[in-house]
Every structure is written in C-alpha cells, then in structure tokens.
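Here come two complexes built around subunit A, the first alongside subunit B, the second alongside subunit C.
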Partner chain A sequence: MKINVVESVLKANDAVAQTNRRRMDETGILTINIMSAPGSGKTTLLERTIPALGTDTRCAVLVGDLQTTRDAERLGGVAAQVTQINTGKGCHLSATQVADGLDSLDLNKVDYLFIENVGNMVCPAAVNLGEHLRVVLLSVPEGEDKVAKYPTLFQPADAILLTKIDLSTVLEHNKTKVYEDISRVNSRATLIECSPRTGAGMQDWYDWLQRQRPERAGD
Partner chain B sequence: MHELSIVNNLMPPLLRAAEEQGAVRIVEVELMCGVLQQVVPDALEMAFEAVAHGTIAEGAQLRVEEEALAGRCRNCKREYAPSIDDYICPNCGRAEPELTAGRDIVLKSVVCELPDEAVA
Partner chain C sequence: MKINVVESVLKANDAVAQTNRRRMDETGILTINIMSAPGSGKTTLLERTIPALGTDTRCAVLVGDLQTTRDAERLGGVAAQVTQINTGKGCHLSATQVADGLDSLDLNKVDYLFIENVGNMVCPAAVNLGEHLRVVLLSVPEGEDKVAKYPTLFQPADAILLTKIDLSTVLEHNKTKVYEDISRVNSRATLIECSPRTGAGMQDWYDWLQRQRPERAGD
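Showing the complex of A and B:
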C-alpha cells in the first residue's frame, strides 16, 4: 500500500532551531552564525573582534570543528565564555548541538553569541541553527570564483566579509569579479573588506555588528 | 556530505508512517529535495542503505525528486523562479528574493507491505 505523508524531514532540526532562537531572544542575545571554507580566518576574526567590542560587551562563542579544542583554546583568551563542539564526522553544526552549547553557557551574561560553524562551503548553509544573522567570510587567497561556485552559502548571508585583504596586491586579486558574482546571488548583504591581521577595514565590521544590536531589541 | 544527517532525520517520520499502518516492510520512499539542499542522490542512497539496515526500511528504494527554487522579490514583490546561481529579479534587477520553495526536504509518500501482503 502507498501512504501519503508530506512531512518535512527538516522539521525536527527546525523545531530545535526555533527553541534556540526563543532562548536567545528571551535573554536579549544577538546570535551570529559565521560560515566559510576552512582557513578563511573565522577564528582570527573573532580573536580581533571580541576585544575590540570592549569590556562592556559580553561575548560568547560556540565553535564547531570535527576534531580538537584548538579554536576554543585560542578564543578562551578573549571571550568570557567559549564552548567547543566537536562534530566528529559531522560536516556542519546542527540545531541540537547548538542547543547543547547554549546549555553550557550562562546566557544571562551574553550580549553577542558567535557560532563559528565547521569550515565548509556546502553543508552549513542548509542548516538552520536559530541564529539571527549569517555572516560569510571569503578570503582573498581563495580566489575570485568561490561565490559563483558555492552560491548557496552566499545567498542567505546578511554580511559578506572579504578577508585577508592585505594580500590582494601580492595575489593580484580581482575583487570586481567577486562583487559581480555577489550581485547575482545576494544584493542584500553588507559587503566589508577587511584584514583582521593588519586591522584594515575592521572598524567597518565592528560598526556593522554594533548596528545590528539595537535593531534586534524588542524582537 | 550532509546526506547522512538528512537520512537520520528522515528515519523517524518514515518508520512512524509505516508502523502506524502496521507495515512489515517499506518498499519505496518518495522524497522531494529542495535544490538548495544540494543533495547528491548517490550519497543519499548510500547513507539510506547504511541507516536503514536492520529496520523494516532495509532494501527500500529511494525516489528523489528535486524541487526548484521559487521566491518573491523583497524589493518589488514580484514572484519569480531564481536559479541556484542567479537570483536576479527580472523586474527590478535586485538579487534578494524571499524564498518560498527549494529549501526543504519533504517525505512525500511511503510504499509498504502489510502483513497479509508480505511475500513469504
């Protein structure tokens, strides 16, 4: 016999994502899901960003990797609360892993929660974690064609950071090509060129982050 | 690459639907996958084989249909069908649709054997 079902397979994840979002909203936390290829500079970005936001701004990080606690160790020096989530063979964070991560944090002492997703340009884009905003990094050494090759990562981004901009000259990087590709998939995202290493462009990123919080108040 | 987690999420509603009917075996599973999920059918089948092993879904055939994108322009409200690498609105030229289709994965139907239909 044939049974018609019509049930979303993603429903279980999305239900947990909704609960995550509710917990964040109840405690006034702004949550940002940071995604990119491995090596684009997600951890370095956070190492620079968290101290720059000032001591009055309380930051927490959930950091996803297949293995090791190295990123959590790096970020432990700058963020008040850090939890490493090891996904084992998992190529992305799930809403349930984030829910467990939230359990490990004192949510009453967090203004910004950064979720550093597993470095991967395909799978994390398809999974709702309950975040408020999505930020995607693309580093100059990755070349000009990644937006065209991985459009699903860039399409839902609220901000796209072109990182390691200090390497543009030596790598003869053509950012115009990148921006043309972005204009085909996402004209809504704020585009920020920056180098966490040299500090170039970082103020634009901090200003963007700070602008997001009041807009979220009362959500 | 995320096909295994998709299959892990598929199994509970699939088994529930079949067991509610008293099925002894699942023969065929029909899925609709939004294009944004970037599901690789071979990888999905391999994951399904592994996860279904030892359940009443073991040996079932997966039929996967892809769901195209559909959306509504946030700027001019025009409804249109973006493609996965081009979201430009044909009316206003912006690329910022609110997507209404092409993202989800839906279990559409299950073909199963009831006890009196089972082949000995």
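Showing the complex of A and C:
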C-alpha cells in the first residue's frame, strides 16, 4: 500500500478544487488550509484565533477527522458556522469533501474560512482543496527533525507556526535546527512562534492573518 | 485520494508478511512494530530501551521515514544492527520493505527486532508487517482526544505507552479521558505511563518487553 497519488485521481481532485476556489472568490472568502501532525494544536489555535479576530470578522470552519465530532463541538462555541467532515479511513480531506462542506455553509456570511485538515504530515500535503493559503503547525514537543523528515508538508506553506513554544525550555528544544531545515525547503514562508495555550506570540499570527485579507479585497 | 486500502494490494502485502513472520520465528526473533504520530518519542524510547535491556540482549532496528537517515544515525549508537528504510512518499512501511530490511540484518544475532514505523496515526495501522506485537505511543502533548479520533491505530495494540508523562502537570493533561477512550476500543492492551526523557515509568516498559520473550522461546 502506498499513498494513492494516482495522477488521474489527483487531476479529478484539482478540477473540483478549482470550482471550490471560484466559489470562495465569488463570495470574497479567504480560505486557509491548516495542516499538521495530530496534536500540534490546530483546534486550540482556532479556538483562540476566531474570538481574537473580533465580532466584525465572520469565521467559518470545515474540520476534518477520521471519526468523532469533537473538534466541531469545541469550535461551535467560537465560530458562527462549523461543519465536521468525517473521512472514515481517509488520511486527508479531498476537494469533493470541501465542496460538500461549502454547500453546508452560508458563504455570503463568511470572511475567513479555516479548513482544519486531518492530523497527518504526509497525505494532506498532496491534495489541493482550492484554498488560498496553507498554514502548517509544528509543535515544540514533536522535536527538531520533522521538517527534514516531512519536507513535502512544509514546502508549500505560506506560514509555519512553531506552536507550544512555552515548552521550549523544559524540553531543551533547539529551534535553530528547525529554522535551518525550513530555510532549506521553504525560504518564502512567514515563521511565527506562538503558544495558543499561554497566548505568547499570538498577536503575530493575528497580524499575519489580517494582512492577508486586504489582498483578497481586490479579487 | 483515499488511503489505498485496495484489497488485492493488502492481500499481496499479507503474503509477504507471513514470509517475514516465518523468518523471524525460525531465528527466534521477537518483532515489535512501534507506531505513533510524528514526534511521540519512538526513537527516544528506543535510544533508552536498548541499552537498558542489557548487553546480553541483542537488538536490531528497522526504522521507516519518508526521508533522511537521522533516526538510524541516532540508533546506530545503541543497537548492534540498524537499517533505515526511506519510504519516499509512503506514509507507512510495507511488508516488502521489511523483507528487504530483514535481508540487510544478520538474523542469527537478533533477540528483539524493533520496527519503528513512519510517524502517522492512519496508514501504518492497516498494514501487517509480520510483527509479533504492536506497540502504540501516545504522547501527553498530543492531547486527550486522539484515541477516539484514530481508533484503528489503538484497536490492535498489545501495549499502549502514554509518553512524555512528565509534561502532564504543566499541560493539565486529563489521562482519565484517554483511558476511558482506550477501554472502549481496546480492553486488552497493557497501559504504561512513561517518559523516556526523565526515565519515569520506563522499568514497567522494560518488564513488559522481557515478559514477552519467554513466550517466544517455545515457538
């Protein structure tokens, strides 16, 4: 068994992704595909981010998991619109699943659409969902070697968030090693150190998010 | 794109896995397939475990990663025989890759063969490598919801290690929630709390490993 990167399957996916993108653009939505290993803090990040963007900013979330609706339940308290997508045995979201997710939302009432992908450092990277931006989380407890081991996840990232930064000291984490590996695979991404739990560095992330919106206004 | 659980592919894999198992049994090797998300501490666990088993216990490691030989380099210092298997874009090891790995080892000089699978909570669970035992790591920083979200990984585990247990207090981790979910999907597995970094609980893990060997002697 290999990851099924059958070209025809990916081509069919890309066609749906393009339709998704058109729907997002027509309604002025900025869509961010958030990817990471399981447990890097994607849901906690969104729990903190959506209230911080303010009541004038309308946020929706599509959240992918193999099973359970736990993340949707957590995010239902902060986002106006949340849809859980269960992938069963699928290790990533597909463009078709996102298309169904878009059908479930009132797109005229969305400024930011966050897609929380399935926790996985391999599969989601290969699959275009129609998103405008890709954000990858890497948490300090995962260690210093993950960028070198999973370069395909980090290569297309627009922003890379080093999360759980509050654990750096206790874990004697060497972020210089991480940054060296990132510079080799992606010199373009914005790097943000933060801890959704303590709030450290979160303003940098909010600022980055808000800087992406004006560029969308002209679409 | 879905995980490619095409039945014929898995059947072909299983045939190779059976051959692997026969080779292990013929040479009296106990093989343990270690699985977890990226960064749960598989390599660190082995770095501590192999020296602790004593010089009379001969250990070999097959270690799977998409790219790099970093884990093999780390383990080369502690294990007599280590082979790195690079899977490219593959999110798990296959029985054929393990067969090639077995070819690279002197099987007559191995008591324990540890297979460190690719860091992934989805793909490796579906693929039999011929191993005798499955050990799954779940680290405290990954949070309380991973057993419910990724049940297929935890269902066939013979032992489940709750790692980085030293971070429980700072992260306000609720292990009761984790154990409730485990009891729903797998009431059979031995549960061990440990921290390879601090040494806490590691003796329980070594004892478990050593209890598995006598049962193999009769094969």
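Here is the rule we go by: the second predicted complex is superposed on the first by the 210 of 219 C-alpha atoms of A that agree within 3 Å, B and C clash if a C-alpha of one lies under 4 Å from a C-alpha of the other, contacts with A are read in each partner's own complex, and residues count from 1 in each chain.
FYI, a residue touches a chain if its C-beta (ideal position, glycine included) is under 8 Å from a C-beta of that chain, and two chains touch if they have at least 3 such contacts.
This is a predicted model, so every value here is computed, not measured.
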Scan A:G90 for contacts with subunit B and subunit C and give back first, second, both or neither.
both
Check the residue A:R70 against both partner chains and state whether it touches subunit B (first), subunit C (second), both, or neither.
second
Going by the contact rule set out at the top, does A:V127 touch subunit B (first), subunit C (second), both, or neither?
both
Looking at the overlay, what does A:H173 touch: subunit B (first), subunit C (second), both, or neither?
neither
Once chain A of both complexes is superposed, is A:R21 in touch with subunit B (first), subunit C (second), both, or neither?
neither
Given the touch rule stated above, what does A:S139 touch, subunit B (first), subunit C (second), both, or neither?
second
So which one touches more of the residues on subunit A, subunit B or subunit C?
C
May I ask you to decide whether A:S187 touches subunit B, subunit C, both, or neither, giving the answer as first, second, both or neither?
first
Of all the subunit A residues, which ones make contact with subunit B and with subunit C?
1-6, 9-10, 13, 89-92, 94, 120, 122-123, 126-127, 148, 151-152
Can you name the residues of subunit A that touch subunit B in the complex?
1-13, 89-92, 94, 120, 122-123, 125-127, 148, 151-152, 155, 183-188
What does subunit C use to touch subunit A in their complex?
1-6, 9-10, 13, 37-39, 65-68, 70-71, 89-92, 94, 118-123, 126-127, 139, 141-143, 145-146, 148-152, 164, 167, 170-171, 197
Give every residue of subunit B touching subunit A within the complex, in rising order.
1-2, 4-6, 9-10, 12-14, 17-18, 21, 23, 31, 36-38, 74, 84-88, 94-96, 103-114, 117
